[in-house]
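First up is the structure itself, then whatever we jot down about it.
Just so it is clear, A, B, C, D and E label the chains in written order, and each chain counts residues from 1 on its own.
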Amino acid sequence: MLTYILRRLALALSVVLATLVSTFLIFFAGPSDPAQAMCPETRCNAQRLQQISQSLGLDKPLSAQFLDYFRGLFAGRDFFYAGDTVHCSAPCLGFSFVTRRSVNDELFSRFPNTVVLALMAAVVFLVIGVTVGIFAAVRRGSAVDRTVVGASQVLGAIPYYVLALLVALYPVILWNVLPQYSSLSSGVGPYFVGMLAPALILGVVTSASYVRYTRNSMIETLSMDYIRTARSKGISERTVLFKHGFRAAMSPIATILGLDIAALLTGTLITEQIFGVDGIGRRGLDALRADDLPVIMGTVLIGAVVVVIANLVVDIAYSFIDPRVRLS
Amino acid sequence: MSETLLKVTDLERHFPFREVQGLKMVKANVKAVDGISFTVKQGQTLGLVGESGCGKSTTSRLVTRLDEPTGGTIEFEGRDITHLKEHQLRGIRRDVQMIFQDPYSSLNPRHTVGSILSTPLHVHGLHKGKEKARVQELLELVGLNPEHINRYPSEFSGGQRQRIGIARALAVEPKLIVADEPVSALDVSIQAQVMNLLAKLRNELDLAFIFVAHDLGVVRHFCDQVAVMYLGKIVEYGDKRKIYDAPEHPYTQALLSAAPDINVARGVAPKERIRLVGDVPSPIDPPSGCRFRTRCWKAQEICATQEPALVAATAEESTRAFREGGVHLQACHFPEVKTSLTAEVPA
Amino acid sequence: ANNTGSGNGTNGGNGKVDTAGAALDPNAKGPAPEIPGAKRGGILTVPYSTTPANFDPSDQFYQDTAVIFSLTHRALTTYVSRDGKQVLVPDLATDLGKKSEDGLTWTFTLKDGIKYEDGTPVKAQDIVFAAKRSFDPDLAANGPTYQKEFFKGGADYQGPYKGDKNWKGVEAPDDKTVVFHLEKRFETLPYFVSFNQFTPIPEAKDKKADYQLHPLATGPYMFDKYTPGTELTLKRNPNWDPKTDPARHDYPDGFHFKWGVDPIKTQTAILASNGEDATSLNWDAIDSSLIPQIEGPKKAQFEEGPSSCVIMVNLDARKIPLPVRKAIAVAWPFDSIHKAGGETSHSFTPASTIIPPQIPGHVDYVAEAAPGFKMNGQGDGDPEQAKKMLAAAGYGADKPFELVYYYTNDQDIAQKVNQVRKQALEKAGFKVQDIGVPNKERRKLAGDPKGKYNMLQSPRGWCFDWPSADSIIPPTFGTIALSQGGTTFGNFSDAKIDSEIKRIQQLSITEQGPEWGKMDKWLTENYLLAIPDYNDKGNTVFGTKVKNVHNNPNKGMPDLNDVWLDQ
Amino acid sequence: MPEPSAGTLTEVPVEEASTPVREHVEVRTGRSPGQVAWARLKKDKVAIVCFAIIVFFILVAIFAPLLYSLEAVDPSTGAKADPYTTYTKLIDFNGLPTVGTSSAHWLGVEPRLGRDLFARWAIGARPSLIIGFVAAAASTILGVTFGLIAGYLGGVADKIISWVIDFFLSLPILLLVLAIVPIMQKSIAGAGDLTADETSRIRFVVLIVILFVFGWMGLARLVRGEVKSLREREFVQAARAIGVPTRQILFKEILPNLVGPIIVSASIAVPAYITYEATLSYLGAGLVEPTASWGRTIADAQNLFATYPLWLWPSVIGLSLLVLALSLLGDSIRDAFDPTSRR
Amino acid sequence: MTATANTISSQGSEARNPGDVVLDVNDLSVAFPTEEGVVRAVSNLTYQARLGRTLAIVGESGSGKSVSSMAVLGLHNPKRTQITGSIKLDGMELVGAQPSTFQKVRSTKAAMVFQDPQSSLHPFHKVGRQIAEAYRAHHSVSKQVALKRAVEMLDLVGIPNPQRRANQYPHEFSGGMRQRAMIALGLVNDPKLLIADEPTTALDVTVQAQILDLVNDLQKEFGSAVILITHDLAVVAETADDILVMYAGRGVEKGDAKSVLAQPSMPYTYGLLQSMPSHSEDLAELKAIKGTPPSLLNLPSGCSFNPRCDFKKLVEGDRCLTELPEWRPTPGLVNREIRCHLADPVATLQHDEGVR
């Protein structure tokens, strides 16, 4: 068990490190010039470019730049700006010359919104996906099953953003049945109520695939020998389904969930964009438009770390769900 | 006396793995096969019996060089093949063949019978240009319809598939066939067909066999010599008759007594059963000294400290073996030595 | 067309402004006159699509932040809207400044009783500090650059942190007096000091990069919560004294700005006016899908008016001879490009001049590119006529004239416009090399005078910084920009043009207007360095409870100071 | 040990009057697993309908020019429509078309530009299909190769490849792709200047490359797992015992057994890539003008879906229907290859 | 209906005394409609199980042993299975019974021990809990009490240190212990009938002996009826009282176990015995039954065994090929029944064995 966790941890770390290196290379060694991108129009000239390069350390060799960045992640880092040092505490993701703020301020303040959206959506798709999936599995082959599976297919086939746009427009703006997003500063209640529409549509659309995963997993589980044993004990069919079938059927779903975190981030990105939720995805997109490399890189890194951690958590949780894993 | 085909000396296969104990990373070994020796002579059949996990399959895989030993030597026709590389093994691949246990997974479901049987011919460049005829011949040899050359394995029953597996092994005209539980997966009625076929081929083609099985009846029926394995070691080795009728090692005795006997229905008194307690210990950390001591009713202190060698039980036995040729070795500090072979069951 | 500042008070109409003098009211006093029927209370929500980079007063140059700062920050001067016209009035200063004889020293005196939001008094030194701060290359990276050009020693000054401590371009001899020393005459300085760069910043409270998180207010509102890049809420400033302020009202209780919203959804929502949307206002260009609404049932929720920008088709006169420039003007598919660009009848008015109508001195004329072919920014061009003109200039099918330009290939609309433009130009017999580059890069490439293009270099248009052609023609046609390594309309260096600019700039502010107007016509008729395309319009969509919205023609945005909410 | 019943379910051999010496097998199901799957597929009505839909779209894509040439000559422009020529004459000053559906424009014309919507719709099927199929083919090859290597060789190669898979799977791909598309476009283009047509062609290539570079991991993981278990299967051991060279074992013994999972995974990849392309186009990192693609059209038309529905919906329907048909067909294929699944 | 010689009528009443019929299966047929056609897994099966006795059901793989016994507990999916005939368990008719009826009788009246203990125990639940659950399903007791009972049961089946073992997961058990746990699970509610479906096939010889001894001991202790499903005739010889030989879904021979094995009277049973190496260990060649079992999709007409039968020539006409033989007492033997057309099977087979 410990071996397993340690090995898993080492893997996670190496993946994060590799993400760090590769995104760094893509962005800072790629064809676009970060200083140029950050140089404001009205006052951009050679001198200014050089100042930015210097302040960001872009004039140093790439390896030194990377070391600076890397050190910043663990020990924090100082930037020279307006004749002043701006301290960016660990884990320092850099400093944006576009907004003059440390990337941490930019992203960590928005990260909770993304997390709330993703979690609310996850609740929606897990609840819908699992209940409907089990229902379909138990009624396998019936008209209900076919309808459910068909509907999930159709839902999955329509481009997500079209659905999201429709929801953002009709129920939210025009019919006013679901409230619009408002930031946490306008109150906890309105904030969560405002998250409802984006979380619902993201959750419902994502649930389409979970309905199918759950259904398939449940069908497979129900064909296992130990389910037959459970039945032969004379316990109720409900107990068989939920106590014996459900837990075993859920463990592959947990794995899929871990793998799906990356996809969920994609979903939140589009959702944030459409519903105006102030999350890191949307911030990342803005940064892309503004060529704000430190922020883009910070977003990618945070995303990677989230995925890695989620996978790690799922894997370790999995070993608690399935006692067989604990030994290996 | 026929010449020695295969000579295995102190064969060893340890599977290393790593494990965290507390905060340390510890290297450990699964001692699947831990120093076994035997010989197989031309035209002879050696039976390998023992409980699950005792290393029978691993031995088969080592002998066929599908796996590389971590110790000991394997000599085939006097040539050391222990550590040959894949390309050096080509000759051996012709002379030593294998028949597998599972008739379902041992045939590639994507290949027709014809292609399964002609692959060895192509690989070794045998019967060039006449492969098809040879394949049909092989099919006929194992009692299948030669016209079924274009069928897929899924279209055959288990017994028929096992015949295809046998035909494949025969395709390269080997001298030694290692059969790892070739009939365990088959029903009784089919098992008999396959056994008969193997016996027929053995006689017709003068083949040597290493025959792995856990069914003692099957081994008794088919083999000349028997090696009884326990936890990666041979505990008793000798002529079939000796082993079955006068087992000396307690484990062999327990094994034989545990096998139910159909003759009970005919009024033969049931054997007195030796009840072993517990299960086979883990091969990762086998008991010290004699490996069987943890389940043995004869175990004494010496068994824990000293590993018994595989030797003849008594001096007389040793001389008898020398005189008559039939070996009988065992590895127990306290072997049961029966002087007369009286327990024979009337045929 | 709207216009601004006419001396005759109520005479709104279409009357031409021939003097700018009346657009100044040095004697204006607070408080600002009450708006009939206006009620106090409510929060006005303002969601819009762009996101201000920051709120450092030293760094502001954009219209949206200027509108927001107009609620919170007071500079030396400011504008008031009188009968739909913009008038420059003193704000923190007692008048519009006193000029020395040689015009190289200006003196402003501060009013009494002006306080920051925390109750501390505003001193002249604070304005001097702010002015110096606007030179910092980091903090004021995006701000205007006039101060560098005109203030004494401004060209090399690096601001209060890194710069020369003894720099004396701006001084405060005492707590109430601000003195500007100039390098050369700067007749429009009173306009310039209405910029946020001249709102006071107390040096003791300066936090450099972090000052933007809460710049100290002097206006009726102050920062409440600010989430950079996301939103800003304003609340009332208890230390604002309306009696000192001739320009501002404080009807709503607060404002809530939200950035980066999807304009179409926002406008749709505001037109539907459910809940908070009824007290919301958006100043993005109206989307064509909503035009049926704002022309029909929702007419009352829409306001439009001129903005400060004029858009041109820029030609590189160094590389394209005049006859070909004229042929381009004849071939140009104005209407198609406007349609493809998503422009609507509410987003622009076709232009035939360089100076937009609301600027004093504007001369309304329509030049001809060919006999009978008027350059009025309308129609889809005449490819046959253009072909003939090209032939006359020696170009034909065998030897086509090649037009080379950069276009943005990472924006959908730009790609579409390019399709239309290319097809039309090719139809007129030009060979077209359209070089697609990402937007950021296009700005760089098209702003490089040595670029590969021969047309559509920067600038695409020009938005004036104050209502005088002085802030339009010199920066866009003068050689200075070109010699400093920038691009201009035409990229053309011509001694005659330069001397004419210099001559007009020496005139007093009131005399300049008509002269610029004449120069505008002269430039187009004789040079055609850039083809006038259109004047941009500002649009405002607002909820049913938002009242008294009117467009500020200097900004193309509503004056939020005058808006009130009907709760 | 009894025979596994899964096998006997579908493959019960029939024994008829046999001669004493050798057995005759009277075979009813004389087919390889692939053939069995194919036979099942042919019986699957859903699969056939889906297949028909896909073929329909493929035909539309191939014969798009022919299709729109059937439209009548527009009386006001005096020309036959094509997907690229703009006719702003047909557009009013607010950008909305002044003509509706007509014999000259079966689906009307595009707001703002006046291009023929039917022509664009028909030709717009091409990018989706090409990108979907080419990227799926490429990622399949990549995934299978890596999976085979990792699974069969094991050891260091396996560790490295598995790690790379994990690494790719933890990247927030969409954001990265959005950032990389322009960078890659630049690298491909080099220093040269690109016209609109060149840009759109390069974008096409970039998209395909990106889709498969970020899309092979799932299959590689699957193939690796399968190979790992196949490797231990006795028929592979048998091949080794016979002396079959490794390469031949990989390609002749193992690969044919992966046909099922590979086809299934490829059939799932195609609709996924098509959807992904549309999403990228929506976010501005997809195809560019003047390419006509459904994803682009949807992105363009999203705000006018109520005001001018003809613009948006044909593409949404086309895309959704194609994706739906492809994924249902994928399901059917999977079922056909999986003897235990019965819907 | 049954023609067993010493029928003890127990229809409709509860079985209490040794020898009472607990399970009365009558003309049972089980068929599965599949894509390829209807699989007739069990046809016209009739047998009884009695208290205190062990009935062995033997036959080759696929002969319907498991399917028929699973029908007793109603473990087939009712939507995909056609079951006809009658199954009376302790007087209760189970064919066509409600799911609730099955729930009541499972584990209390009849319990089943499955072939593969590895896959038959839930991998995620602790062994003790799995056993306790079965107890609680039929007794309203607290969890602790049920768990105590589970520990007792584990002790009973000879698992050392049952208290600790109850708290472990199945994968921490060895194969033999798992099978013991399965047996404990089967017996926890003191059923009158225990069906053990090949309980030792997956086990080693020494462990197999332990388990068989255990089942025998427990039967003596509880006096319940045991149905032992196996394909190992030697096991039958040592453990069973009665035997039912199945071939292709049908019973073909039944009677006293020892008697049947010593003196088979149906060619298939005879063939099976002949092909066992331990039966004829010194013969150079085993006497194998030729051919393979038929497809259940398409059973041969007449006697299902006819394509493989060496003796069908001895039956006049082609009755073997056209007419399904009915159950009849074996001529010349008491307490034995066969389905075979042979006029004098005993003599015929004895003669054949003599020839060899």
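In this section, a residue touches a chain if its C-beta (ideal position, glycine included) is under 8 Å from a C-beta of that chain, and two chains touch if they have at least 3 such contacts.
Here the structure is a predicted model, which is why all the values come from computation and not from measurement.
More C-beta pairs in contact connect the chains of B-E than those of the other pair, out of B-E and A-C.
Comparing each chain's Cα centroid with the centroid of every protein Cα atom identifies chain A as the most central. Averaged C-alpha coordinates put the centre of chain A at 25 Å from the centre of chain D. Centres computed as Cα averages put chain C at a distance of 50 Å from chain D. Centres computed as Cα averages put chain B at a distance of 93 Å from chain C.
If you average the Cα atoms of chain A and of chain E, the two centres end up 55 Å apart. Annotation for chain D: residues touching 2 or more other chains are 1-3, 10, 13, 15, 23, 182, 342. Across the assembly, chain A contributes 141, 273 as residues in contact with two or more other chains. Put simply, chain A touches chain C in their complex at residues 36-37, 40-43, 45, 48, 51, 55, 81-84, 86, 98-101, 105-106, 109-110, 168-169, 173-174, 176, 179-180, 183, 185, 273-274, 276, 278, 282-283, 286, 291. Per the touch definition, chain B reaches chain E in the complex via residues 51-52, 157, 159-160, 187-193, 195-196, 199-200, 214-218, 220-222, 254-255, 257-267, 270, 273, 275-276, 279-280, 347. Touching chain D in their complex are the following residues of chain B: 61, 64, 66, 86, 89-90, 93-94, 96-98, 100-102, 104-112, 119-120, 123-124, 140, 143-145, 148, 151-152, 154-158, 160, 165, 168, 171-172, 184-185, 187.
For chain E in complex with chain B, the touching residues are 60-61, 174-177, 204-210, 212-213, 231-239, 257-262, 271-279, 281-282, 284-290, 292-293. Against chain C, the residues of chain D that register as touching in their complex are 84-86, 88-89, 91, 93-96, 111-114, 182, 193-196, 198-199, 284, 288-290, 296, 299-300, 303-304, 306-308.
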